[in-house]
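In the two complexes below, chain A is the common chain; its partner is chain B in one and chain C in the other.
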Partner chain A sequence: MKKNTSKKIFIVAMLAWPLLHWAIFTLYMNIQTVVYSVQRFNYYIGDWQFVKFKNYSKLFDYILTNTDNFGIAFRNTFLWLGLNVFIIIPIALVVAYFLTKKIPLYRFFSSVFFIPNIISIVVLTMAWSFMWHPTQGVVNSILDIIGLGSLKQTWLGNSSTALGNVFLYCVWAGIGWNNLILSGAIGKIPKEILEASELDGVTNVQEFFHIIIPSIWPTIVTVVIIGAAAAFRVFLQPQLLTNGQYGTTSVPLRVVKTVTEDSGYGLASAAGLTIAVLGFIAVYIIKSLLDRLGKKWE
Partner chain B sequence: MKKLFSILLVAVLILTLLAGCSSNDADVSSQEAQSSKELSDSEPVTLKVAYFEGGFGADWFEWLKAEYESLHENVTIELEGDANLNDTIVPKIEGGTETPDVFFVNGIKWKQWGTQGLVLEISDLYDMEVYGTESTLNEIINDAAKEYFYFDPVGAGVKKYAVPWSAGPFGVVYNKIMFDEHGWTYPNTYDEFLNLCELIKAEGIAPLTYPGIYKNYVSPFYRGWQIQSLGVDKWKEYKNPTSDEIYIDEALLKPWEKWEELNKKGYLLEGTPALNHTSAQIEFINEKAAMILNGYWLENEMADAWPDEYEIVMAPTPADGILNKNTMLTLIPDSGQIYGKTKHPEIAKDFLLFTLSPEATQKFAEMSGGLRPLNYDLSDAEVTDFIKSCLNTLSDNSIYSFTDKGGSELMYIDKNYDEMGEIESGNMTAEQAYKIMKNNAKKNYEDKKDELGLD
Partner chain C sequence: MKNTFNKKYLIIIEVILMFYAITLIFPYVWILLNSFKSVSEFYQSIWSLPKTFNIQNYISAIKETNILIYFKNSIFITVFATFIQILFSSSVAYVLAKYEFRGRNIIFALAVSGLLIPVSGTLAPFYLFMSKLGLFNTQGLFLYYASGMGTNMLIFYGFFKALPWAYAEAAYIDGANDFQIFRKIMLPMAKGPIIAVGTISAISIWNDYFIPSILLTNPKQQTIAVGLHSLYVQQQFAASWTVLFAAIIISALPTIILYVFLHDKISKGFMLAGLKG
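Let's look at the complex of A and B:
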């Protein structure tokens, strides 16, 4: 009896803190966001007013007419989803494959690819901006040296090149982490399998598609899900590189600016919840497709 | 076990919900009576004063504390400098925990907090005599600050919830040494400004730069040109519109045309659109550009980057249009406020009045390099020549000083930064930008009317 009571006390003590933390910082905050999304602050009465779904209808109108860049923000967030899932992760996978093949200087390359993950994003974006600086940047200088001066651009200051440049930064900075996880998974494939396939005369391409990918599929699914979810939280990259100018903004950045510049808590909450729901649906669909693909291999 | 877990979860949820429901009842008059008594008697009182410890540092607040305590022996000022106060003050005030009595922050949250009773209404403080003067605060603050702090969001009567802390001009800063060497003078009119740009360009120097990824740096021009084209009366209608007609006024095309003209004529430093504030300011310091759109903080912000000899001057937007006056955008980012449920409202108000005295204002300039929108003669202040030039623009009656904040809730505050960028890149014409601005402004007007229930 006594033992049972102390067990219960132990469980309560262990669960109380994380539960309280979750209740305050997750549940309560999200309830507040839902409440804000159906309210607006009215300066006439000095209080919040229930406005039903007006914030949502305003948001959809803003998206469709691209007012305050909401249309571009939603478009870009889904482009980031595509970038993370279809470009960064496949590149990281290919890089991981070659690095595990122990190509010359593979340790050096592994470190180089991972470095962006241990340096502050503020420093990284600053270095990136210097690199693409219109007059003193190395990129425009190289273009000059090789006689392609006509291709010089204000890369981060023009709507025709800025978004592509921010995406390029994301690829550069995003490969390392995925590479680390995927290299680890590839490294755990039993050597006997790879040696046997080599003896059977399997080419690198065949090995990559028919042995490596199926063998590490659960890891690939994990990095894809994490990458897909991360696309809906992209904020600092456009904020630090272009301040969201020149068609590079994202929904999280738009949400923050709506609150800080316009005190638009209602609209920002509606946007935040909408992108969260869309993000959930997108990630769910991706997960289902990947699971189906995984079952085929099983 | 499941039952135990459920009980625990329910308990946590109830506690969470209760935490969000705090009492809003406050007997303000009894607070004031008590506080007034404290001010006149010798009962010890501790006044908590929190301040954003950013570029202005802590010295000025330490000075205020020492001086105020020497005047009021029963009052102890408890200072709390916080570099993150602009963020941390929100949960403190809205949650009612660890609240200071008085706080100095950046931002305009006081508008909402004022109408909610979370910061104290201090309209009466504006009618009180300020320390070291025989004038009331109403008589001391400048016109731009009045536009900002006289809060009348929907024409329901002016109320005041905050007092100015720092403020200053946001205009054109030019390199005086370079100007003197070439025999250039800062122009008085827009046409003269174009001529000057042509002369500078002919010397192989870019006439102008600004931190291009932060389009708000174009505001001294954009807003100045708007006011010059509209005239003062129409500018007041722009800020406090009675219909959306003002936003389709043809005069509003002019600022876009001027912006297009400066860009097309190549008066901006190459690559300016991609520069952040540090890069643009470095280009200016390195004499790649003769002028920069910037504010009164420039000298302090780049303190370690200036050469041994430098001389920079703050100047207004050259005159044009039916206003035909130079214009100067006055930024009023910071304010002092009193927590709505403070136990010492009268002492808090008295302390704020003390911070607004001529001596405190001079000390603020000398100790922190900060300016305030108060009509004091600070010619004796020991400040740099640049700060003196900033002070001159604030006190020069030939310059129309304004702020674009403090308009009614119906005002179209947006400055269409994207369209500015598109014009810079040559992807859009002034006409196209103007058309987008008109549509957005009309839409904004309808949305705001709907939000305020004014239909």
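Let's look at the complex of A and C:
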């Protein structure tokens, strides 16, 4: 009996603080987001008032009229979803295929490609901005040297190139992590399978599509889900590269700016909740499509 | 796997991958070289090698900016927050993996579900909560970091689940209690996950920008990532690029050195965290 009580005390002591922390920073924050999204702070009476769905109709109106760039923010967040799922992950998969084939310098490549993950995004975005700087930047300088000076741009400072440049940054910095996970999965494919296919004389392209991809499908699904969910959180990249200007903003960045600059807590919560729900739906649809695709190979 | 590529294709692949690798390394080499130049030397040419390896910019960065204070704050916060994250996440994982009690599965599900919810969406209540309680600056940041659920917990959970319970049985017979068994027997065996969680937590806390930038309103308490960004913003008006370069090198050096020596362990840790999360 005494042993049982001391066991109970132990369990409670070990879990008490982490559960309290979770209750405050995850549970309470999420419930409060729902609560604030149907409230507004009334400065005359100095308190919160229930306003039903007014924040949501305001958000909807802002999206349609692109007030405060909310329309562009929603468009961009979905473009980011496409970028992560259809561009970054396929590139990372192809790179992982080459590196696991142990082509010359494969060790060097895989350690270098991972560098963006160990350096602060603050330093990474600064380094990127220096490279693309209009007067002191390396890219414009190279364009001058090879006689293509007419192509010089204020890359991150005008609406026609800024978004593309921010996307390029995301590809540049985003391959390494996906490559690491996918390379790990390819490395675990049983040797017999690969050797058997080699004896059958399959080409590299056939091997890639018919052996590698089906064999690591569960990992690909995981990586795609992580990438898709991440698309709905992107905001530091545009914040640090352009401060969200020149058509590069995203929904989470609008949420951040609405809180920190306008104190628009109700609107920010409505936007945060809307994008979380949309993200959840998008990830769910993607997951069921990928699972259906995976069944074909079983 | 053997590489069975046609030579012609292999060369093209190598060139593309090498180009990408160079774009990843070059900016830091460029920043390093230019950090030894004077401002006028830098404006004359961004390509030239520095005439002398002048450490004037490093002296200015240390004397004229708060970089040393930021550096000290970052070390303090990183060491302490990494320690508490290891402590709490291993505690939760150990109890969930080794003890039967009601609510265990629910707690496990909660820990995993938290990973799917974005931080920025709930910023409004977070901001109001922290400001109402006056929890800005270092104390608020520690409170925020002191979590025990999430990926770190999952790494420890996988380890403890596989660890035989026989070690504990023997210790019970010797009269040890649950706390002693955890602290003196189980935790010392978890060296692998402690190193994995420790390096990942330390790197992400050292590099963390968003929540610190919101909470650390007192410039004397800012971390290197937050302080460096404000230096960058100031530099856009002062045009003292080369001093900023020196500050960047100082701030990125710890993680780069760590990566050069430990890159196998670090990538393994990230792989573990990525697949569990």
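One rule holds in what follows: the second predicted complex is superposed on the first by the 279 of 298 C-alpha atoms of A that agree within 3 Å, B and C clash if a C-alpha of one lies under 4 Å from a C-alpha of the other, contacts with A are read in each partner's own complex, and residues count from 1 in each chain.
Rule of thumb we're sticking to: contacts are C-beta pairs under 8 Å (C-beta built on N, C-alpha and C of every residue); 3 or more make two chains touch, one makes a residue touch a chain.
Everything numeric in this text was worked out from a predicted model, so none of it was measured.
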item: Fit-or-clash call for chain B and chain C when the two complexes are aligned on chain A; value: clash
item: Which superposed partner A:163 touches (first chain B, second chain C, both, neither); value: neither
item: First, second, both or neither for A:155, with chain B first and chain C second; value: first
item: Touching partner for A:108 - first (chain B), second (chain C), both, neither; value: second
item: Dominant toucher of chain A (residue count), chain B or chain C; value: C
item: Which superposed partner A:40 touches (first chain B, second chain C, both, neither); value: first
item: Contacts of A:98 with chain B and chain C, given as first, second, both or neither; value: second
item: Partner chain(s) touched by A:121 [first = chain B, second = chain C, both, neither]; value: second
item: Touched partner set for A:11, first chain B, second chain C, both or neither; value: both
item: Partner chain(s) touched by A:132 [first = chain B, second = chain C, both, neither]; value: first
item: Touching partner for A:19 - first (chain B), second (chain C), both, neither; value: both
item: Touching both chain B and chain C, residues of chain A; value: 8, 11, 15, 19, 24, 28, 32
item: Parts of chain B lying in touch with chain A, wherever the complex brings them together; value: 1, 4-5, 8-9, 12-13, 15-17, 19-20, 108-109, 111-112, 114-117, 153-154, 156, 212-215, 270-276, 279, 409, 413-414, 417-418, 421-422, 424-425, 427, 440, 443, 447, 450-453
item: Footprint of chain B on chain A - complex, ascending; value: 8, 11-12, 15-16, 19-20, 23-24, 27-28, 32, 40-47, 49, 51, 54, 58, 65, 67-69, 129, 132-135, 154-160, 241-243, 245-247, 262-263
item: Touch list for chain C against partner chain A, complex; value: 1-5, 10, 13-14, 17-18, 20-21, 23-28, 30-31, 42-43, 46-47, 88-89, 91-92, 94-95, 99, 101, 107, 110-111, 114, 116-129, 144, 146-149, 153, 177-179, 182, 203, 206-210, 214, 224-226, 228-229, 232, 241, 248, 251-252, 255-256, 258-259, 263, 266-267, 270-271, 274-275, 277
item: Residues of chain A that touch chain C when the two form their complex; value: 6-8, 10-11, 13-15, 17-19, 21-22, 24-26, 28-30, 32-33, 35-36, 95, 98, 100-105, 108-123, 126-128, 130-131, 136-138, 141, 172, 175, 177, 180-181, 184, 186, 194, 198, 204, 219, 222, 226, 229, 232-233, 235-236, 240, 252-253, 255-256, 259-260, 265-266, 268-269, 271-273, 275-276, 279-280
